[in-house]
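Chain nomenclature is as follows: A, B and C, assigned in order of appearance, with residue numbering initiated at 1 for each chain independently.
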Amino acid sequence: MLGSAAAKLGQTLLVLLIVSVASFAFLKLAPGDPVSIMLGSDFSQGAYDQLVHDLGLDRPMAVQYWHWLAAFVKGDWGTSYITSQDIFELAVMQALPVTLTLAALSLLVALVIGIPAGVLAALHRNSWVDVAATALAIGGNAFPSFYLGIILIWVFGVGLGWFPTLGFVAPWEDFWQGLWHLVLPAITLGAWYVGLIARITRSSLLEVLGQPYIQAARARGEPGWRVVWVHGMRNVLMPLVTVIGLQLGGMLRGAVMTEVVFALPGLGMMVTTAVLNREYIVVQAGIMLTGLLFVVVNLAVDQTYQFLDPRLRRRT
Amino acid sequence: MQTATIQTAAPLLEVSDFSLHRGAAAVLDRVGLTLRPGETLGLIGESGAGKSTLAMAVIGLLREPEVGLSGSLRFHGEELTGLAEARYRKLRGNRIGLIFQDATAALNPCYTVGAQIAEPLRRHLGLSKWDARERAVELMTSVGIPEPRLRLNAYPHELSGGMQQRVMIAIALACNPELLLADEPTSALDVTIQAQIMELILERVRALNSSAIFVLHDLALGAQVCDRIAVMYAGQIVEEGPSAEVLARPLHPYTRGLKSCVVELGSEDLQPIPGQVPPLNAMPEGCRFAPRCPKAQDVCRRERPAPETRDGRQVACWFID
Amino acid sequence: MSDATPMPASAWRRRFLTPIARQRTAMVGLAILAVYVVGALLAPWIASHDPTAQDLMAALQGPSAQHWLGTDSFGQDLYSRLLYGARLALVIGFASVALGLVVGVAIGLAAGLIGGRTEWLLMRITDGLLAFPELILAMAFMAVLGLGTENLVYALALSFVGPFARMTRSDVLQVKSQPYIEAARLMGVPTAAVIWRHVLPNVVSPILVQGGMRVSIAILLESGLSFLGIGVVPPTPDWGLMIAEGRAFITMAPWISGVPGLALAILLVALNLVGDGLRDAFDPSTQRE
């Protein structure tokens, strides 16, 4: 028990190490010479060498990596050349909360639509409800989020004028206004997840409903809705969480697109702008942060899994 | 046995001319049975004979439109086949209990055993959460689960197979049902505890003064634990009567075949029944046992024998000796 | 699955064609895909205009006899750009997956067969690739490599290497433990021959299925990156670029983004249908109802 927890921790640390090495390597591989960028257009060789030495760029890679990592852990992520903003402040305090809020709301939208759609499809298997839900699932899963966002802006933002089309208002500053601005982005990003959730709900529920314990619940006189939503869905949660966790990459992919379409100042927007501006130090922060996020979410999914499935829980 | 009183009391369960179709195939074919209060009945037959199907139909887990039903199922004189689902739900787990064959599969892995025992108590008896818990502890004690208060919060996978089946029994008997259906309650268990569990069920049934139907494939076991036994073959009841008599003097050739399959120490007449049960979609027209019957004549292949009453037993055969 | 001799045509039909043909929705997807492939192949002949010819006098026009699907803000013909865009999307999609597959399978084979330190190092590199979402990985590679069509293929391919490498390695380890591999080795069959005759045929079908399912992701990423401005460069006829360009004119000229947007959506649906069909046909463990 203790051994497996230690192994898990070791594995996580190893992945974190790899993530940091990859992020460090990225900056080394990135084109352009940061020293000449910092010095501007006119400088002497002596000044150049001096700066290289001051920055520690003449030291062995391993030493440079170590210094970089130490600074990173301390939150000293450098300053943007363009906006002179502290990058830690920009990435962690500003961009990350936006992306997390968007992701959480989208997941909520997807669950609220996807689970009932999947349950209906499973209960009315091979009926028109099933066909409609499956079509919704395939369509939602395949429709590119950046084009869906544009359509939603066109129809509900510009055409009907129901929702704001661009920009971000922090819900923690103005809750309703913030939520208002996030409705269309959340639907855009959620649409992709709806399909996934509906499909996995349908197929898992069909499998679960064939299990003897469902018959046993009915034999106890449980009403149909409780058999499905309590006895059935409780067992569907595990595959559902697994798939949501596994598809995190897709979620992030959609989040980047959605942020750019709706001009939300999240991580995706930050990285995209930084790539376009060739501001590699900011890109690096984005890479490191998404890598960390990935590790953390995977750990969280793992924990949730143990929480949801008593068979995986440690005996007390 | 209080045979005299049983004979005179109004029947608890009356199955008459009951058929169950899956598509065109008759899984149960014109089955007739009567069970009186306090009586135990063994449904004996090979797998696929329709024993479990009959039990599932009685508790209403196999209903229209999933399957086709005809004939009648009466519980306390109330017709069950067309009963409204809401009304049927009030019987299930309350006045009719069901013990599943494989408790491991029949207990929801995500809920504690306490929660699953408490469920019918709260639903049918309207007990509060606290009272249901207390009652669950009593029930667990009554089915021989040690340290019930501790086990209340255990998940099914934390218990042994025998303990899981005891939980299953506690659930089925939670509301003191008048009728208990036990579908091969011990066949998934280790041989060493099979007798214990069987004994436990019988003891509880007697204590509650309930009736019970045991679905079994072992004729000798059935005769040992039940007042009466009904032998099923390919969806039909071929012979039915008091256990001791059926075992001692089987009238139907199939029952006789079953009996000779029972290996007794020192006996030499172990004669397996030749052939196998015909598939449901290719049932013979006349007696369904005719293709395997050593005594089959033309009439057997042509016409289905109607159940005949003889010495308090029902036998469906053209040639009863 | 244990026969490793080259399969005769009838076996191919039984193992690959019949299971696919049985999937009705997959056949619909395949039919749609075929339309796209034909359009892409015949683009030079059936296009009405040069896809990059600008005509500012004819900008922002709706569909007409001259321009079947209208024009964009530079007066480029959308129908012609659509056809050439299909060409680009399919080429980038399939090429990047193929490249990623080859590199990934090579890494996986090497790791699984050599073992030891090589395996450890290769699998840590794989872990590194898998530790990031594909899009971020592709963006990072684009930042290092620079913009352009060719670099986009490399960036996408690199971001696909991880899953293929991991899959191949675990398949190889599984196959390696089979008694018949040991038997072949004992009989003195050279290692390379064992890989070629016995290991590869057994890992090939799950990997091809995985590859087939990735093509739609590749096309989505390709158009997405181009939409963000981190992919191919204008005036290349690319759907992502076209959608980005039409975004500003969504109220005046919705067809500018609508034409490539719908084309992309339909292609992705078709590819997903084919991918699901492939999976259902060859991977019984994940079969849906």
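The rule is simple: a contact is a pair of C-beta atoms (placed from the backbone, for glycine too) under 8 Å apart; a residue touches a chain by one contact, two chains touch by 3 or more.
Given the structure is predicted, the values throughout are model-derived calculations rather than measurements.
Across all inter-chain contacts, the pair with the most C-beta pairs is A-C. Overall, the chain located most centrally, as judged by its C-alpha mean against the mean of all protein C-alpha atoms, is A. Chain centres here are Cα averages; for subunit A and subunit C they lie 23 Å apart.
Work out the mean CA point of subunit A and of subunit B, and you get 54 Å between them. Work out the mean CA point of subunit B and of subunit C, and you get 57 Å between them.
Looking at the complex, you find that subunit C touches subunit A at residues 124, 127-128, 131-136, 139-140, 142-144, 146, 216, 220-221, 223-224, 227-230, 240, 243, 246-247, 250-251, 254, 257, 261, 264-265, 268-269, 271-273, 288-289.
Residues 56, 59, 61, 85, 89-94, 97-98, 100, 102, 105-111, 119-120, 123-124, 155, 157-158, 168, 171 of subunit B touch subunit A in their complex. Against subunit C, in their complex, subunit A makes its touches with residues 14-15, 18-19, 21-22, 26, 29-31, 125, 138-139, 141-144, 146-147, 150-151, 153-154, 158-159, 199, 202-203, 206-207, 248-250, 252-253, 256-257, 260-261, 271-272, 275-276, 278, 280, 283, 286-287, 290-291, 294-295. By the touch criterion given at the top, residues 211-213, 215-224, 231, 234-235, 308-311, 313, 315 of subunit A touch subunit B in their complex.
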